[in-house]
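Contents: one structure, followed by commentary.
The letters A, B and C name the chains in turn, as written, and every chain counts its residues from 1.
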Amino acid sequence: MAKTNPGRFFEDYTIGQVIAHAVPRTVSGGERALYHALYPARHALYSSDEFAHVCGLPASPLDDMAAFHIVFGKSVPDISLNAVANLGYAEARWLRPVYAGDTLRAQSEVIGLKENSSGKTGVVYVRTTGFNQHDLPVMEFVRWVMVRKRDTAAPAPAAHVPQTAAVVDPADLVIPAGLDFSHYDFTLAGEPHRWGDYAIGEQIDHVDGVTIEEAEHMMATRLWQNTSKTHFDATPRADGKRLIYGGHVISMARALSFNGLANAQMIVAINAGSHANPCFAGDTVRAWSEVLDRADTPAPGVGALRLRLVATSGGEPFTLRGEDGRYLPHVLLDLDYWVLMPI
Amino acid sequence: MAKTNPGRFFEDYTIGQVIAHAVPRTVSGGERALYHALYPARHALYSSDEFAHVCGLPASPLDDMAAFHIVFGKSVPDISLNAVANLGYAEARWLRPVYAGDTLRAQSEVIGLKENSSGKTGVVYVRTTGFNQHDLPVMEFVRWVMVRKRDTAAPAPAAHVPQTAAVVDPADLVIPAGLDFSHYDFTLAGEPHRWGDYAIGEQIDHVDGVTIEEAEHMMATRLWQNTSKTHFDATPRADGKRLIYGGHVISMARALSFNGLANAQMIVAINAGSHANPCFAGDTVRAWSEVLDRADTPAPGVGALRLRLVATSGGEPFTLRGEDGRYLPHVLLDLDYWVLMPI
Amino acid sequence: MAKTNPGRFFEDYTIGQVIAHAVPRTVSGGERALYHALYPARHALYSSDEFAHVCGLPASPLDDMAAFHIVFGKSVPDISLNAVANLGYAEARWLRPVYAGDTLRAQSEVIGLKENSSGKTGVVYVRTTGFNQHDLPVMEFVRWVMVRKRDTAAPAPAAHVPQTAAVVDPADLVIPAGLDFSHYDFTLAGEPHRWGDYAIGEQIDHVDGVTIEEAEHMMATRLWQNTSKTHFDATPRADGKRLIYGGHVISMARALSFNGLANAQMIVAINAGSHANPCFAGDTVRAWSEVLDRADTPAPGVGALRLRLVATSGGEPFTLRGEDGRYLPHVLLDLDYWVLMPI
């Protein structure tokens, strides 16, 4: 019997199944330094222990998206190795900051299954949770992927599509214990704009662009121990390009959004996300944001802002979909998330 | 009002103005490891805690140039975002080593202004200082940049060109507390050549070359949170190249100078520096040095050497300027600095 | 006299000579994070402190191959700067894990010399040992290189070819103090296959491929402070490519071998190794393994497996040599090593 991992096929999933993912990971200052080298990340809370102390945290945490990538990466060999498409995200919540010295592991519960009418593939819905070394959850998210069947003759399971929230209710956002923006230093953070300065419907063009190289996205994706071969192996494509991990685009766009959203410090939820078009080396990624909603939080000085973050390669800012309702070709990412800001 | 940072224009600066820069940064072993991955850095004091202990320091500090890059990077959004040219450096002094766990912030004081005769631009002179978490200065430097005016009709300020020292006086060099080269291990350091072995006028060809890739210089420049878009965005140029951050060339040349200057351990001052020609990916950077001066220091076993460090791409070593007095096209960098060596 | 290092020539070596190598290096979490960014490394013992604790170790060590690269890199300026060819390895043994905070140095003893019949070159055999800050050895290996003579008229030394073991005797493998796989977690490690599941003669195709970029192998090779200019300087070759450090291929293949050998946790010896063909940027590296032998160890729950690891670029798995007995052109590496696994 082959000892290599063939990945799971659609028939291998059952509702309620809990899959413990492999390869726990201890993080250190090294992951933080690399995150800053790979992305133009400048949010002060993730850059300075001193700034984090003033905000009530014991130290500067690992970037929220880095925590997401590590948890996501662990799920890849069990969930998406045979995936035809990564269809969507919902109900992603950050539950606890990750600090240098923490060890992360992850597990996924199968919460939905639906065979496609072709009989060749099916959609698998999982809720993936990351835990630290104290077995406390650090984040969770729902994602659904289209997975091939091993045997097209295998019977279809009873279809079950889970109900997920279109938007995480602000009351369900988890504010890190102790977070307090009462003494927030806007000068050190880089911009004067408070939560109250952002109006629903407001759009921000983040201006800057970064042209992506193969070496960078591969280093990033490996750092999260994401094994999906499409990101590393140039041989399947005639142009020698590798499909860039969608999470790389999220992190790049989030970092670019500093310019105009420097005080959008902590991501606490992703409501939805679409990798609208594939991204390749040579693309110059830009980003724009739109304010979708605002909410209060119980933490002192802390407000929540719901934002759309759109990453593009070419095209005009603030353009998203064509007349047919489909994403325009230059749109790489459409992300809907909640972030914490000083009020 | 747009929330993105438009950068300051010439009219926005006034003599005596102090600008606190954003995004403090805590450094760790991660920054050190990346510095070694990005440059062929081998100076033992920055590589080994044990070697640093023998030299009287509590640990191996962050590379001097990394500390410079972090402080410089913080100043970019406030000083050089609209700069047409980075005209020069003077009076750079390292005041205190930076160790893992330190948090750096920076501020700049405007010390000079002079509108150009065109009325479209002006020269801004600033003294930038980096501080650690104890509000103690870790380094300072003067630089001057040519900045666009927002409104060419705006009146010119009274011209004031600050007097800066052509060379930092050896008496003004700050030797780190405790530094002692009495027990210096030349074998572990890599070369036997002492301070006394270097004669004024001596020239050294550092032999080795490194061909630069886009991914490397972008990772380095991002690591220092330098946001200048010209280093990251390939779209403005037809050849898809990005202008390489001048500091990347300084670090590359300094690291290459190990071969012949392995005992030139600590940079304590930069007297002057010119980025003579732009550097692009694909260039193979080489370096040569010339001994400009020597000085005693009060620290046991420690001498100071004043060096010219020239980085090139092509051309012959020891060639610098043409008959017209201008830098030859293959010269990338001409740096004049003081370094500490065992006597 | 030139102050740059000309490297040693064949006449500069004498039997019994001990050469202390320069530039000690303190490692941190930064080196670990970079190792994960540069290679698809997923062996749990090197990823998680918690996993390491359960295996009886105080923390997750620096990857075995990273320790090798650091020790090897230190030897380059003294041993292989003028090497025409890196001919072989033998008797490599890991003697003690390396942890964050350890400082490594290295020395080599000349154990063999043999001038070639051409009179222009000779073979130098050295035993290189790495030590930590407590002067305790962390690893050792024998390698032999072909080195140029400075003066072809210089008399040949008495030929002495050292006897090295074709295979490290299992009784000579050093098991890290405290290592205990009795409570090994196969789920967290990623595969269920135990030592007892691997049969002598069994072959495993590790399936995945990684296309290598110039920026990556240069960053890796610099991280180990390996100064061999052939890896960094594109100008000598018309195609602008740089010869990739053979150790980069070893680490890449070892990391790829996770898929099928996830429980082959600790490398404890390299019996032999050949860099069969050069590797260049653009090559897509794949790997296959063959089980060569099995041995018991005195440590609880720990078995030793002797493996052949072959890295390729193109070609079919499990093909190694042509009818003439020479390596096929697609074979990059043929490595024979001992690894520790849970029984």
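As a working rule, a contact is a pair of C-beta atoms (placed from the backbone, for glycine too) under 8 Å apart; a residue touches a chain by one contact, two chains touch by 3 or more.
If you're wondering where the values come from, they're calculated on a predicted model, not measured in any experiment.
For the touching copies subunit A and subunit C, the fraction of interface residue numbers used by both falls below half; the interface is of the different-residue type. Note on subunit A versus subunit B: their Cα superposition corresponds to a rotation of 120 degrees, in steps of 5. If you average the CA atoms of subunit A and of subunit C, the two centres end up 36 Å from each other. Residue positions 28-31, 33-34, 100, 213-216 of subunit A are each in touch with at least two other chains. Those residues of subunit A that touch subunit B in the shared complex are 28-34, 36-42, 44, 47-51, 60, 100, 187-191, 193, 197, 204-211, 213-216, 259-262, 282, 284.
Contacts from subunit A toward subunit C in the complex involve residues 2-5, 20, 22-31, 33-34, 77, 100-101, 103, 105, 133, 213-216, 218-220, 222-223, 225, 227, 229, 232-235, 240, 242.
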